[in-house]
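Across the two complexes that follow, chain A remains constant while its partner is chain B and subsequently chain C.
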Partner chain A sequence: MAKYLKKDDLGSWLKELGETYKVIAPVEEGDAVVFRRLTDERTLRIDRQATQGPKGVLFPACEELVSFKYVKDPENPEKTKVEVKETVEAEPTLIFGARPCDARGFDVFDGAFTKCAVKDNYYMARREQAIVVSLACTKTETTCFCNWVGGSPDGTGGSDVLLTPVTGGYLVEAVTDKGEALMGGKLLSDADDARQAEAKKLLQEAKDSLREAPDFDCMPEQLYALFDNMDFWEKQSAKCISCGACTYLCPTCHCFNITDEQQGKEGSRIRSWDNCMSHMFTNEASGHNPRPTKAYRLKNRVGHKFCYFPDMHDGHIACVGCGRCIKSCPVALDIREVVTAAKECRLPEEETSDD
Partner chain B sequence: MTKMKNPYLPEMATIQEIIQETHNIKTFRVTLNNEQSMKNFSFEPGQVGQLSVFGVGESTFVINSSPTRMDYLQFSVMAAGEVTQRLHTMQVGDEIGVRAPLGNWFPYEKMKGKDIVIVGGGIGMAPLRTLLLYMIDNRDDYGKITVIYGARTPQDLTYSYEFEEWRAAKDLNLVLTVDNEAPGWEHKVGLIPNVLLEESPSPDNTVAITCGPPIMIKFTLEALKKLGFEDENIYTTLEKRMKCGIGLCGRCNIGTSYVCVDGPVYSFAKLKTLPNEL
Partner chain C sequence: MLEQLKDTIKKALPELDFVIGWGMGFDALHATPLFMYEPEDVDKLVWGPLNVHNLATYLPALKGRKVGIVVKGCDSRSVAELLQENLINREDVVIFGAPCRGTVSLTKIRKVIGNTGLIEDVNYADGTLTVKAEGASHEMALKDIRADKCGYCRFPNAVLSDHFVGEKRAPQVEEDTFEDLAEFESQPFEERRDFWMKEMDRCIRCYACRNACPLCVCRDHCVAQSRDPHWLSQQDGVRDKFMFQIIHATHLAGRCTTCGECERACPVDIPVLLFKRKFTKAIKDTFDYDAGLDPEATPPLLAFKANEDNIKEKEW
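After this line comes the complex of A and B, so read on.
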């Protein structure tokens, strides 16, 4: 049963939830809107897409994996021993105000980090304790293309609860059992038919405002076929300056680096977001690099999202169409144009197939 | 909260012995500090481990001892960059971290009853040594074994103190080669692929395994094809820059194949199905 939350009660509702969960929500930070712990000093901003999605809540930009300490061996003072400690930390966390595309980003993370041979225990620990309360989009932006990649302004993938803005408040719907647990609060009343009808209408308008979706079923095959066509990739990547903004802001990019930091006798092994658009990403000690130029690296970024990941995860495309890479790219490289060009590119085999 | 083994947490190990193999390769024999872990440790020939020098980082090395000889785990390390150079300064008794075993292994079960050709170049002999020792310790399971091992100079050959033991195994032909004539050198002189053609092992019921620098692998493959070997009977091990070693950090993929999990051992038949990105 859908519930209704009055706009004026949103703050109180989040405060109430704050007693059980660490509440993370989009807040103002300078010109940007970013996901931070909601406090009285911070201003909630849910009227526009956040500059950066909430992936850092479950996959921090930088986190300690293990800590280590060099100590004298008590039995043999000549020798040093290393004490190593793991540091998996997680607490009940509520992510509020993710957009449906952001929430679907967690679906991709679930695939990459939990549906595989060895699971990422750091991500899993946080994911299990997290509840995602998303906000459906009744307004879209020109860079939005969630509908191209299997999403929608009211998509529920990755969410536990979905809110839809209506006149005077929000329609509140549980998506999962986990989300069901939030439906009991006294600030929520049953939503009447008129409100439900209004939500439906607004969401339909949002859907209609998006550009028509091309059919991407052929993409894995098409991208494999284009793999050795470096002319194509050089053309597509010509503008790129390898800055990596696209990867850091992407809700599905999950590649990371592991590095050690040490001060005196103690230190940390740290995992941090990495960037496949950088030359160093695959550079080997010998100097050999399997992806020596930006053309190879863009090919892998697009290939991973539209070809390899779908191939490994039941056709699920690893781009959620949030458009952040388009908005943030300093040279206006548009992933929609790259995949559309890849889709439309006639392959040499086809050109010669009539004779 | 799910309690699971932390795949990022290294086990502590102690260096028991160090062998200076060549001017830039040292072999480390290590044991896990936890006796129970050491006793229960099992791996397959060809699997790798991540060695940690805390404060510097981790790097990938093949476990080049054999699962049939579990007194220690052996890693041979060529000095290349930060981690490897720091490893070279370490002493017997020093502690390092080990995450192992990782990755896949040589198809030693499928190879049973077949003749075997091993072609190694330089440090590329490390993964081949584990397989060779395994076959020597299970000698009756395999047919004739030909080992072609080459390096730039006689001083660049690793494991030379073991050649006698290898030769002593039944029906094992060890062919050594170096690039140029050298004083006192009584074995072959010439590039590995040429020596392979000269030896001309029959491809019938035979599996070939090669590892070495990319350029050597390329020409060895051509030589094997010339000798009539099929792609599915040729194996190699790949190197890619690695970090996590468990299929998560996204660094080592060739298309959908993650070298750290699906490799490092590949047949040439399998490699042909992957995008061309070595």
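After this line comes the complex of A and C, so read on.
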């Protein structure tokens, strides 16, 4: 049964939830909107897509994996042993105000970190304790293309509860059992038919406002075929300046680096975000770099999302169409254009006739 | 004027690998760098206040290739500075200049219209930008939404060019008085510290500020990521992030032309140009020097003078 929450009660509802969960929501910070712990001093901003999505809540930009300490063996001072302490940290957390695309990003993380042979304990611990309350989009931006990659302005993938803005408040619907637990609050009343109809209408309008979705089923094959066509990738990447804005703001990018930060005899092994657009990515200890230029690196970013990941995960594209990599890219490089160009690229005769 | 610029580029194109200019991006408000390889590409060229990017950033990596570049006044200073430092060869680059009336700050436009993601149409005429978004029309005077650098611009016409198209414009100001900096510095230390603690906290270490900077030339060998030597830790604290900004600003002292790319590129709107304003003023006060004006000049920190005019070490 769908519920209704009055707009004026949103703050109190979140406060109430704050007694059980650490509530993280999009707030204003300088000229940006970022996910932070909601406090009285911070201003909630849900009128536009956040500059940076909530991925950092479950996959922090930097986290300690283990702490370590070198100690002398009292029996044999010649010997040093290292004491290692694992630091898995997780607490009940509620992510509020994720957009359907943001929430769907966690599906990609789940695929990479919880469903593969090697499980990521750190991510899993946080994921299990997290509850995602998303906000459906009744307006779409010029950079939105969730419908191209299997999503939708009212998509529920990765969410536990979905809110839809309607006149005077929100329609509140549970998506999972976890979400069901939130439906009992006394601030929520039963939503009448008129409200449900309004939500349906607004969401249909939002869907209709998106550009028609091309068929990307052929992309893995097409991108494999373009793998050695460096001329294509050089032209596509010409304007890229090789920063990390696209990947770090992307709700699905999950590459990381592991480094030891040591001071004296103590230190920590930390995991921090890495990104395939940077020169250091996969730079080998020998000095050899298999992705020596930005053309190879853009190929990796697009290839991972539209070819290698779907190839390994039942066709699931590792892009949720949030558009952040387009609008926040300093040079407005448009991934839609790159994928469309790859789709439409006719391979030179001699390359296709070879095999 | 735009047509004249296009014709000039088309004439020069056969001798060049490509010419870099601006075209329209994903909507009517966002331009994007345009690489023109064929005459048809030149038809997509745009010129006006949406040409926010400093294309000189691409030049060092293209050293050795023959390319053309379209520049605003401020961009041309970056080209001059790159020449001063031998980071590019003069004979490899053909510079197309035109008079600039100022470029927009997308952040300021967002403050006026609320969300820059819902653009339907944009028009610019006689100093007024009209943005249609969500069915509403917003008229903005360019001077209210222009990039800060355009407010203290002294060189709206290219300081050097091979082809200059259009009539030269008068500068915005004769002298840069650094009022923005004075205003920030009038706050007590605690406030300034808290400001930076808060602003730098959301830095995602994407290094767009570094990579967008035409003069930040270490790039692939940056101290921020080098493990050996280990200057900065990968820890996600304000301390390391702030440290990087100070290193960037220091390395740019006397070289930075305050083109503002670092700040414009920052995806989370951290006002990092302020650091460079501070250093630029210090260089001006100490050496009476402006970066990127004369391709033959040596930047003060790359030169040695036994007796500096404004550093009276012997009198201390």
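We adopt the following convention: the second predicted complex is superposed on the first by the 346 of 355 C-alpha atoms of A that agree within 3 Å, B and C clash if a C-alpha of one lies under 4 Å from a C-alpha of the other, contacts with A are read in each partner's own complex, and residues count from 1 in each chain.
Operating definition for what follows: contacts are C-beta pairs under 8 Å (C-beta built on N, C-alpha and C of every residue); 3 or more make two chains touch, one makes a residue touch a chain.
Note that the coordinates shown come from a computational prediction; the quantities given were computed from them, not determined experimentally.
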| item | value |
| --- | --- |
| Chain C versus chain B on the shared chain A, clash or fit after superposition | fit |
| Partner chain in contact with A:278 - chain B first, chain C second, else both or neither | second |
| Partner chain in contact with A:333 - chain B first, chain C second, else both or neither | second |
| First, second, both or neither for A:259, with chain B first and chain C second | both |
| First, second, both or neither for A:30, with chain B first and chain C second | second |
| First, second, both or neither for A:238, with chain B first and chain C second | second |
| Partner chain(s) touched by A:308 [first = chain B, second = chain C, both, neither] | first |
| First, second, both or neither for A:224, with chain B first and chain C second | first |
| Smallest distance from any CA atom of chain C to any CA atom of chain B, in Å, after fitting | 7 |
| Touching both chain C and chain B, counted on chain A across the two superposed complexes | 257, 259, 261 |
| In the complex with chain C, residue positions of chain A that touch it | 29-32, 34, 47-49, 51-52, 60-62, 139, 141-144, 235, 238-239, 241-245, 247-249, 257, 259, 261, 270, 272-273, 275, 278-280, 323, 326-328, 330-334, 336 |
| Chain A to chain B touching residues, read off their complex | 65-66, 68, 70, 79-82, 84, 86, 88, 90, 112-113, 116-122, 124-125, 128-129, 224, 227-228, 254-262, 267, 269, 271, 274, 276, 281-286, 288, 290-291, 296, 300, 303-304, 307-308, 311-312 |
| Complex contact set, residues of chain B against chain A | 1-2, 4-10, 12, 52, 54-58, 80-81, 84, 93-95, 97, 214, 239-241, 243-244, 246-251, 253-256, 261, 275-278 |
| Of chain C, residues touching chain A in the complex | 25-27, 30-33, 35, 53, 57-58, 107, 110-111, 114-119, 134, 198-199, 201-202, 204-208, 210-212, 219-220, 225, 227, 233-236, 261, 264-265, 267-271 |
